[in-house]
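Chain lettering (A, B, C and D) follows the sequence in which the chains are written, and residue indices restart at 1 in each chain.
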Amino acid sequence: MKDFGFTITKDRQIDYDQHDHRLLQFVLENEPSFQACISCGGCTATCSAGNLIDFNIRKLNMLLRRGETEGLEKEINKCMLCGKCMLVCPRGINTRNVILKIKEAIQKFR
Amino acid sequence: MKLEGKKRIWDDYQKEIADNNYYFQRSCIRQNFFPGSEHAFLKILKNELGKDICDDEHHTTCTGIGYHADVVLFETIMTVVARHFALMTEKGYENMIISCVTSFGIYTEILETWKHFPDVLKKVRQHLKKATGREFEIPKNIAHASDIIFKFREEIAARAKYRLINRNTGEPLKIVEHIGCHYSKMFPVHGVGGAEFPYVLQGMVESWGGQIIDYPERRHCCGFGFRQYLVKANRGYSVANSKKKFESMKPYKPDMIVCNCPGCTMFMDKWQYTISEMEGKTYDENGFGIPVLTYEEMAGLVLGYNPWELGLQMHEVQSEPLLDKMGVAYHPDEKYKDAAGNYLGEPAFPTNLKVCV
Amino acid sequence: MTKKVAIIGGGIAGMEAASVLSRMDIEVLLIEKRQQLGGHVGEWDHLFPNFRPASEITRSLLNALQNNNIKICANTVVTGIARKAGLFEVKTNQNQNFKVDGILLATGFDLFDAHKKEEYGYGIYENVITSADLEKKLKGGNVLTTASGCVPKRIAMIHCVGSRDEKAGYFHCSRVCCITAVKQAIEIRQKLPNVEIFCFYMDLRMYGKGFEEIYREAQEKWGIQFVRGRLSEAGENIDGGLQIKSEDTLSGRPLKMIVDMIVLMVGMVPAESTSQMAKMLGIHLSGDGFIAHDDVHFGSNITNVPGIFTAGTITSPMTISDTIADARSAALKICEYIA
Amino acid sequence: MAYHHFVLPFSIGMAALFAILMVKFTIWIVKLESVDKRLIRKNLFSVKTLDAMGEVFMESLLHRKIFRKNPMLGYMHMSLAFGWFLLILFGNFQAQFYTRTMLHPPYFPIFFNFFVTTSEEYLFKASFEFLMDLFLLIVLTGLFIAISKRFYSRIVGLKKTTKLKFFDKLALTSLWFIFPLRLLAESFTSGLYNNGDFLTGSLGSFFARHLMVEKLALPAWWGYSLALGFFFVALPYSRYMHIPAEVLLIFLRKYGVRTRREFTSYSDIEVRSCSRCGICIDACQINNALGINNIQSVYFLRSIRERSVGDEKLFTCMLCGRCENICPVGIQLSDLRMTQRNKNGVQNTSTYDFLVPPKYKVADVLYFAGCMTHLTPAIKKSMLKIFDIAGVNYYFMDSDKEACCGRPLIQSGHYENAAKLMEYNKKLIRQSKAKVLVTSCPICYKTFKEDYKLNIHVMHHTEYILKLVEVGILLLEKGDSKVVYHDPCELGRGLGIYEEPRILLNKVARLLHPDEERENAFCCGGSLGSFNLSTQQRNIIRDDALAKLMKPNPDKLITACPLCKKTFSKGTKVQVLDIAELVAASVIVPEAKKALDMQKHETVLVE
């Protein structure tokens, strides 16, 4: 293939129809409270890991909802499971179980 | 898709287009990359329609590329445009035809600015006077060259030698139209049919027997974007936009793409080559790519002009499959000859995109 | 002598005000341009937040109008109002001429014309409908299908169509569309349990009693997904599906998806008649095109012209509960005036 | 020699039982971890064996623990176990006295009354006859309660009884028949030969008057033998296997064997030792407050046996330890649950590279607030105030860069991931050269104490503050507010810290006592141990616990855990404070404090 000195830029667009939604289905089935997320970001704000690095649990959950699971594993592994997010969630989402289920789903659908 | 719905919108976006006596403003990209196009346009207006049109050798670029690449100031470009108005005024014309969509966008933007800020207009008059000693009148009517072809589409249809119909099947050719962002996205009222469902190219295609394809990414930019193309590091972004369009139109199996804007024609055409070289991908069934024509070239084909005189061999995607579908007569051995019949030699051929030799 | 009031507009505001005034022994002329009373509510199927049939509202309002003090003039349009000797003379297209002590304007709102958002393709793409169209379909009781007769698998509900949109010419929030979207989404899910529903919103304004609760129910029980982002454009696919684009602002990424149907949540805009009426009577309009009140806190129901009052959505978008309350307070104000 | 064909079912059953038990015990012991085997070898010939025998007697026969919890239930178990034991023991004595030899077939004492029908005298004949009837009566009363419990469990004060499987049903039915059939068989025979004591004798003469006892006696003996035979064969495959398993468990426990992180042979013995008494169900707040009654330890252990442990049983549990505290068999229920949560090797994928230790910092005392304490800043502030007043040279190790202690990960089964966090914290602790680590969070406290293997003194702030008060560094003023103290699970049942907070509270307030405290304290419902409970469910548990805690009508509710504080404060209008807050508000700052010598500090540091 010819080298033009540039490559075709990868789309930043979330192409909802091209994604694998099995992970999301698995998490929702096993922790239905995740449905109620309103993306307020309280979890991220209190997150022990998030205060040290660019670890955004709200955004990760959001991307999971959109089927954007690439890179999810690397990110979710930064969670220390301390549970602060669960204590601040205004919608009473069982955030720790959401994370455990994401981890489980990653193993399952690898 | 409901046609009545579109008609309703087209009714809302009727545009006044002058009948005759035009001052012609050429396009940098069009005359350089598709030189047969403007030639054909003048020929159609003068010979077929008998119009008075002034092709003035004194006008320059509008500097739109520089302007959109942030190297030419708005004040500068306004003065350059003012000079063109002055040339038109001096030649005694009041109706301007602009060949380039970028220029068209700039002209409309400038005229709109002057309407809202008369002080700016005053200043521009001073600048022009100071710089060149010229004075100008604001044109009575401004049209894009495609608006003129659109206006006289039925006259052209009456003189047509070929129609946009597949000779083998009798079906209308499936045509993708692309009007170019600056034609009407900034000022929908200045475009025939507005910005969302523009009618300018669709009207021509319908009158000449073809069928327009409305695909999901129709409104998407071709990817030129000035800065995006001009800076090499950004070209990947430019090509990605064209690719998005090709992917979206592919399922419709279009026979050709017709473009309004010279920049779009160039990129829709040349990026097909680039993508084929980079990824081995082509967007038609047989590996030739989808021919990309300017509306003048399309009109020229319909009127039976020699495809090589129209400059179709200058395109990256070769048009023989399209010519065959339309039944256009052409001489393959004249493809690489100049007007005097001298053989110019073959260009280098692409690796993946098929070419009729 | 019995006092007389003309109520222009026979929607729920006019009806409620009429029944309240009639019970206070005031003669009421209820003028409605259409054959039927009930206005927009009469065309609605079920209501938020409790999914009550809309017909219950109109029926109970109609029952309250069975009263000797009320005269209903259907198919009647007011053509002129003049002030004569402390009274108003109301002329209609039926060549009637009424003398009344006070006038209550209750001509309501118009639904935003979704054609104006050209990029959404309403009237062009087969499967783009408005919330009002959906309500008609629901009212008809038929199974919701796409134009080609298939059961939709994915539906997008687009909030704020014609509201909070400078490009559409309206800055105001229509207040009821968010909750209507939630209500309609739940109704669709109840009828089509396998359909996926995405609500594209700019802000969710669940301000009323019970609104937040059904929003939550929509998420938890019905699995309706909410995407914060405004639809930029829709395009039709080769198979009649609709490709929609928006930004998923909470992921900070553009989003594209194919849906089978789009429901545009059209907002409430000032009725065409409002500006004509205002001009005829010299009543002030506020910047949003609705009728203005001089005092934002104490001025409800009162216009700058003594004797002319307002009720309901002629002054701003309102829910049914707010409209009923507004109509009752209008009746009180008008009573004070003519007493 | 006395023999009749009807003894066959009993004899075969008994032989089968012994054979199966031998095999099972051998497998268990062979499969034990080598460390555990070493413990057995070390302690086998020590006083621990005698100790174990004593416990077997107290627990397996007398059921002391059940007695304590519920006398009715205790009597039921004791009458069946100990009554039967006495029947066997005295039956053998009787046989020996009769035959005057140690050698008689094993069935002979069991069916003594069938074989010995003559009025032939032997030593203590009358006493034996009386005792045997008495023991039978005792057993029968126990059996009566057991049968009633099966049909109406509230008789013994249990809200819920356990559900049964096939072999359980077989064994249970056989068991129910054994003693009534024995009673019938002996009574018929007595009626026939006109002997027997107060029970069998009088019943026998009654039967003889009304029934054809000569035709009924033999079938009854057959029935008795069959019931025994069935019971013995079914036993190893039924819940009654817990009887022999518990005996083994008691010995192993006395030798020092414990549940480990992985499921070992010892865990299997524990699982089999469960008597399905169901006491754990009654202790469980998830049952009492939420009415969820399929996840409690008894069912959880069953799911292990049946290899059907699901997420619900595994992760709903709050690990509060109430069931473990009350389990009559003494099974390490929380640790057993953890063996099943263990995800090591599967999801050992976390990376905490982003944790970079801050600059080298030396101090005498390390303060680790813990993640939850950061959500209850008043506790933090109070602790810092106490440190300052006490003039302690401390380093607040998680003041801005909070690394979790790792316990939540451990509780989720990710021990290897937790170890990564522990490594980071250990590094901080080591480099500080501190002698004491004080933490405000009992969750952290437990893991620092048990999992970190630190060579410095780890204290919960309750203990530390008390120490400061005892050596006179902190002077407290007694207030007149009435307070109730809530024992956090991890601090109380977890680590046995019951006295320190109470001593402290008595110094600053009037301590009132709720009905359930110390070992019996409730969980607040906020537990990190549960992963499945919804907020609503947690709120119900909280409100239930609060209602009981608030009975003495206190002005303040005091606890010693940030999570308990946060959970409770959302459920009551009464002020909820951490003990540190109350102490910090009651500290007197006398001029004399400055004169205190460093020696006092040293005392604290060294201890």
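Just so it is clear, a contact is a pair of C-beta atoms (placed from the backbone, for glycine too) under 8 Å apart; a residue touches a chain by one contact, two chains touch by 3 or more.
A quick note: this is a predicted structure, and the numbers were derived from the prediction, not measured.
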Chains contacting each of subunit B and subunit D, listed by label: A
Chain at maximum distance from subunit C, centres defined as averaged CA atoms: D
Centrality ranking, top chain (CA atoms only): A
Dominant interface by contact count, named by its two chains: A-D
Separation of mean Cα positions, subunit B and subunit A [Å, integer]: 46
Rounded Å distance between subunit C and subunit D, as computed from the means of their C-alpha atoms: 65
Geometric centre distance via CA averages, subunit C-subunit A, whole Å: 39
Shared interface positions of subunit C, touching two or more other chains: none
Multi-chain contact residues (two or more partners), subunit A: 33
Pairs of chains in contact (touch as defined earlier), listed by label: A-B, A-C, A-D, B-C
Subunit B residues within the subunit C interface of the complex: 1-2, 4-6, 8-9, 194-197, 214-219, 248, 251-252
Residue ranges of subunit B in contact with subunit A within the complex: 232-237, 239-240, 243-244, 274-275, 277-280, 351
Subunit C - residues contacting subunit B, complex: 115, 118-119, 121-126, 233, 235-238, 243
Contact footprint of subunit A on subunit C as seen in their complex: 216, 219-220, 223, 225-226, 228, 245, 248, 250-258
Complex contacts: residues of subunit D adjacent to subunit A: 311, 315, 346-347, 349-352, 354-355, 371-372, 374-375, 400-404, 406, 408-409, 412, 414, 421, 526, 528, 531-536, 563, 566
